[in-house]
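See the structures that follow.
In what follows, subunit A forms one complex with subunit B and a second complex with subunit C.
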Partner chain A sequence: MNITEEQLINDITKINLSGRMDIEGVSHIEIKFAEMTSSPRVAFIVDMSAVPYMSSIGIRALLINAKAVGKRGGKFILLNPEQNVKNVLETSGIDQIIPICSDLNEALAKVSA
Partner chain B sequence: MSAWLTQSIKAMGGSDEHIFNFDLCANEAVTNIISYGYADHGEHEIILDIVLADNIFCLSIEDDGAPFNPLEKPEHVSPRSLEEAQIGGLGVDLILKIMKKCHYTRVNGKNIFKMCA
Partner chain C sequence: MLAKTILSRILHSVRSWPAVSGLLVLITLHIFALIPYQNTLRTFSFDLYQMAFPRERISAPVIIVDIDEESLRQYGQWPWPRSLLARLLARVLHMDPAAVAFDIIMPEPDRTSPCQITKYMPGIDQALVEKVCALPGNDALLAQEIGRGQVVLGVAGIDQAAQNTVRAPPMQSIGPDPKNMMRHFNSALTNVAELDAAADGHAILSADVERGVVRKVPLTASVGNAVLPSLSLEMLRLASGNPSFIVKSSSNGIESVGVAGLSIPTQADGSIWVHFSPHDPTRFISAALVLEGKLDPESIKRKLVLIGFSGLGLVDFPSTALGERVPGVEIHAQILESIFDGTTLQRPAWAIWVEAGLMAGLGLLVVLVFPYMRASLHVVILLVTTVALIAAGLFIFRQYHLLVDVASPAFLFIVMYGATLADSLIREEIQLKALEDDLRKQREQAAKAQGEMEAAMRFQMGILPDASLTFMNEPRVDIAAKIEPAKMVGGDLYDCFMLDEHRLFFSVGDVCGKGIPASLFMVISKTLCKSVAMQDDMHDMEIGHLVSKANLEISRDNSEMLFVTAFIGILDLRTGVLTYCNAGHEKPLLAAAGCYPKELGGLSGPPISTWEDFAYKTHSYRLSSQEFLCIFTDGATEAFSRDQEEFGRHRLVDLLSNIAADANADSIIKNTFSFIHNFVSGADPSDDLTMMVIKWNRGTST
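Right, the complex of A and B next:
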């Protein structure tokens, strides 16, 4: 997997994930992912569009970071997951606790709210 | 494992959804076996076999690890909030939700877990 970040308006950090979010993939990005979501940043949009596959290890990685951000009163939003990945998120009920947006403007509005 | 599953399901005429679901559930099951099934650090064999009958794919996974029946695990409750959400324990839950039928037996010191969809 690969992970990159970009700074958007209003101190929002967009994190771009790519590759299969399985055990091997997550092991390559988990440290960077945790660094990117660390204090003092509080607003995150995580672009999932280049993730073709996700197992429970991937859900775990999202949850760990979303929980850490939530604890600081921050916002953590997923952008544009592929249908298969979206199904996994919905099957595990994660879509109920981490918001999923299908377009960037919607995500920007939500993360700024 | 993913490459073998993809190839096998494709060769038997399965859809992309079949491939995704079996790839996911096999990964979850095998990860659990490797993580929790063995007290030693020796080499072990995990045997996977996929068959198609009456338009239903069935994958069986056989291992010689500690007895573990995934079907006896208490049902996972979807978290209501981020603070409440438990990290982990999601793998078996995904298998049980995605697969149409699962079956477990313990035979000759081996776990045999079969999942069909």
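Right, the complex of A and C next:
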């Protein structure tokens, strides 16, 4: 897996994930992911469009970071997951605690709110 | 640069210091000639030089008049009457030799002298005795002949002290008194005084025999207070007409011996190493031939003549360095020949230092340089060095007649290399042993861990109820459940028990992750769920509230951020009404014989322990008595075959659409599991596999 970050306007951080989010993939990015979300900034949009597969370990990785941001009063939004990943997120009810947007503008509006 | 690295390596290789100091001790012992058996090795190598390059006879200055088997046959057994020896000597002297020497000692008067014979004749007439005794004795006859020519008589040095005087030619000593430097005998076995007095030359015959081999002979030795030349040197003195022999010495010992015009370099003790040529019968002339007067006078004229014997049984035959057994008299002949030809051997004083240097160099090479070289290079260096040493030793011997011991350095080199090799082998063995020990310990630990894992698994499986057994006496429900952990301990869980008389509580869950943490979390989750469900004030609470409460409890201490997806439900056995809560779990399937399975929808919230204050929703569904509620974990849908093909939910749906009319909960689980087993066909299960099947039996409820 790969992970990169980019700064958007208004101190919003966009994190781009790519690759399968299974045990092996997550083990490559989890430390970097945690470092990014532990920055003082409070608004994160995680681009999921390049993630073809999501396992429970992947869900855990998203949850850990979402919770860490949430505790500081920040926002953590998933952007544009592939359909089967979206299914997993919905099946597991993650969409009920981490908002999922299919459009960047929508996401920007949500984190800025 | 290279020298510098090697030097720093040397300084840092503390390990080699014991070996280096051992080497220094050995070299010191070598210099003081204290190494046991080194001399044997050395003389053996010198013998090899001689065997490789024996002396060639250039001139033939020596003739041995040999009292051989033939002579004994013709002239009777030994000892011969001295009158016969006198005749022999007379014949020899007649042919004008340069000098004659007897390699025979005659210590007692001849018993066959006429006067002596009368003593063995009892009752002999006294007048006759006087007449016979007036005849000249045999010793007198021999003495007379000895007096005629330049004849050397020899004595044998003995170590017992005895009161007799030894005649010696005058010695001219150059340098410090050599008497204490040379081989010393306390006394000597001398000839009859009458003969001794007649002889011009007096010599010592003794040569030291080393285990039957003559290698070194003294050219001069002291007997009591006298200094005698060897037979060979004394003959040369007489032949050259010198009044005295010369011994030249320095503080280091004797340097040379000789006569005016001839100097023979010697070892410090006045001895020389004999340079042997092979046994040569042309050196010998039978005494019988001489006595008969049939010999060509030219064969002896101006020659050095040794009178000795080779008759078997008369003498012992010492070995030469060439390994031949020759009569002792031939060794004297060989010494004379090599002096004559200037091919005497010498072991120079510097040899021991050169040897010490070679030993030090090669020893240090092995100890300090070899460890940094490839082993294949060692062998090459070892071979080349050994061959070069032997070649150098042979070259110096052949070209300069010098004896330098290359065997000692070569031997040391090979032995030290062998020792370091053995040392490194032993070290490797120790390392290997340590590695094996480590491996064994690791295996033991692994086995122990395995045992603990198995115990954990038994414990984990132990807390899961056997669904079929638990509800055997409950006709209103047909329930079965099974878990197959992927690793030793799993993260899947299920539970089922009666909340009260009519209500069945059940749950199926899947902890995120595998192994020990997941299984511990599973145990905690299951226990907390049950304990919350069993609390009195929870009895009539909605399942959603119950799960919310359990979620709060489970979320409390979750530093590992694990979570569990779960399907938790309560089935009222009176009505078949199912209230349930799906916390992020795969949707269960409802299957019935002859029907296509349908999903039991309705999500209540995220997995348990993801959001501690989440309020889970309650859903409900009324089961028909034909429907099997099939709850499973993703171990079923996400099982992978050997070709990495996912089993998938669709295969499970297909399977459940074909259940038999007489199917029950247990048979459905067995079918499903064996179907999945066939699909993965021995591939490692990727995740725990859990399934629970529940059917409500309406008919028996009233």
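What we mean here is this: the second predicted complex is superposed on the first by the 112 of 113 C-alpha atoms of A that agree within 3 Å, B and C clash if a C-alpha of one lies under 4 Å from a C-alpha of the other, contacts with A are read in each partner's own complex, and residues count from 1 in each chain.
Everything that follows uses one rule, which is that a residue touches a chain if its C-beta (ideal position, glycine included) is under 8 Å from a C-beta of that chain, and two chains touch if they have at least 3 such contacts.
None of the values given here were measured: they were computed from a predicted structure.
Asks: Subunit B versus subunit C on the shared subunit A, clash or fit?
Replies: Subunit B and subunit C clash in the superposed model.
Asks: In the superposed arrangement, which partner chain does A:L63 touch: subunit B (first), subunit C (second), both, or neither?
Replies: In the superposed model, A:L63 contacts both subunit B and subunit C.
Asks: Please indicate which partner A:P99 is in contact with in the superposed arrangement: first for subunit B, second for subunit C, both, or neither.
Replies: neither
Asks: Comparing subunit C with subunit B, which touches more residues belonging to subunit A?
Replies: Counting residues of subunit A touched by each partner, the higher count goes to B.
Asks: Could you look at A:G19 and tell me whether it touches subunit B, subunit C, both or neither (first, second, both, neither)?
Replies: neither
Asks: Now that the structures are stacked on chain A, which of 114-122, 510-518 or 528-536 shows subunit C clashing with subunit B?
Replies: 510-518
Asks: Subunit A residues touched by both subunit B and subunit C?
Replies: Dual-contact residues (subunit A): 56-57, 59-60, 63-64, 67, 91-94, 96-97.
Asks: Please name which positions on subunit A make contact with subunit C in the complex.
Replies: That would be residues 56-57, 59-60, 63-64, 67, 90-94, 96-97 of subunit A.
Asks: Would you pull the subunit C residues touching subunit A in the complex into a rising list?
Replies: Spelled out, the residues of subunit C in touch with subunit A are 510, 512-513, 561-563, 565, 582-587, 603-607, 610-611, 614, 634.
Asks: Any idea which subunit B residues touch subunit A in the complex?
Replies: Counting only subunit B, the residues touching subunit A are 17, 20, 23-24, 27-28, 31, 78-83, 85, 87-88, 90-91, 93-94, 97-98.
Asks: Give every residue of subunit A touching subunit B within the complex, in rising order.
Replies: Subunit A reaches subunit B through residues 22-23, 53-57, 59-60, 63-64, 66-67, 70-71, 84, 88, 91-94, 96-98.
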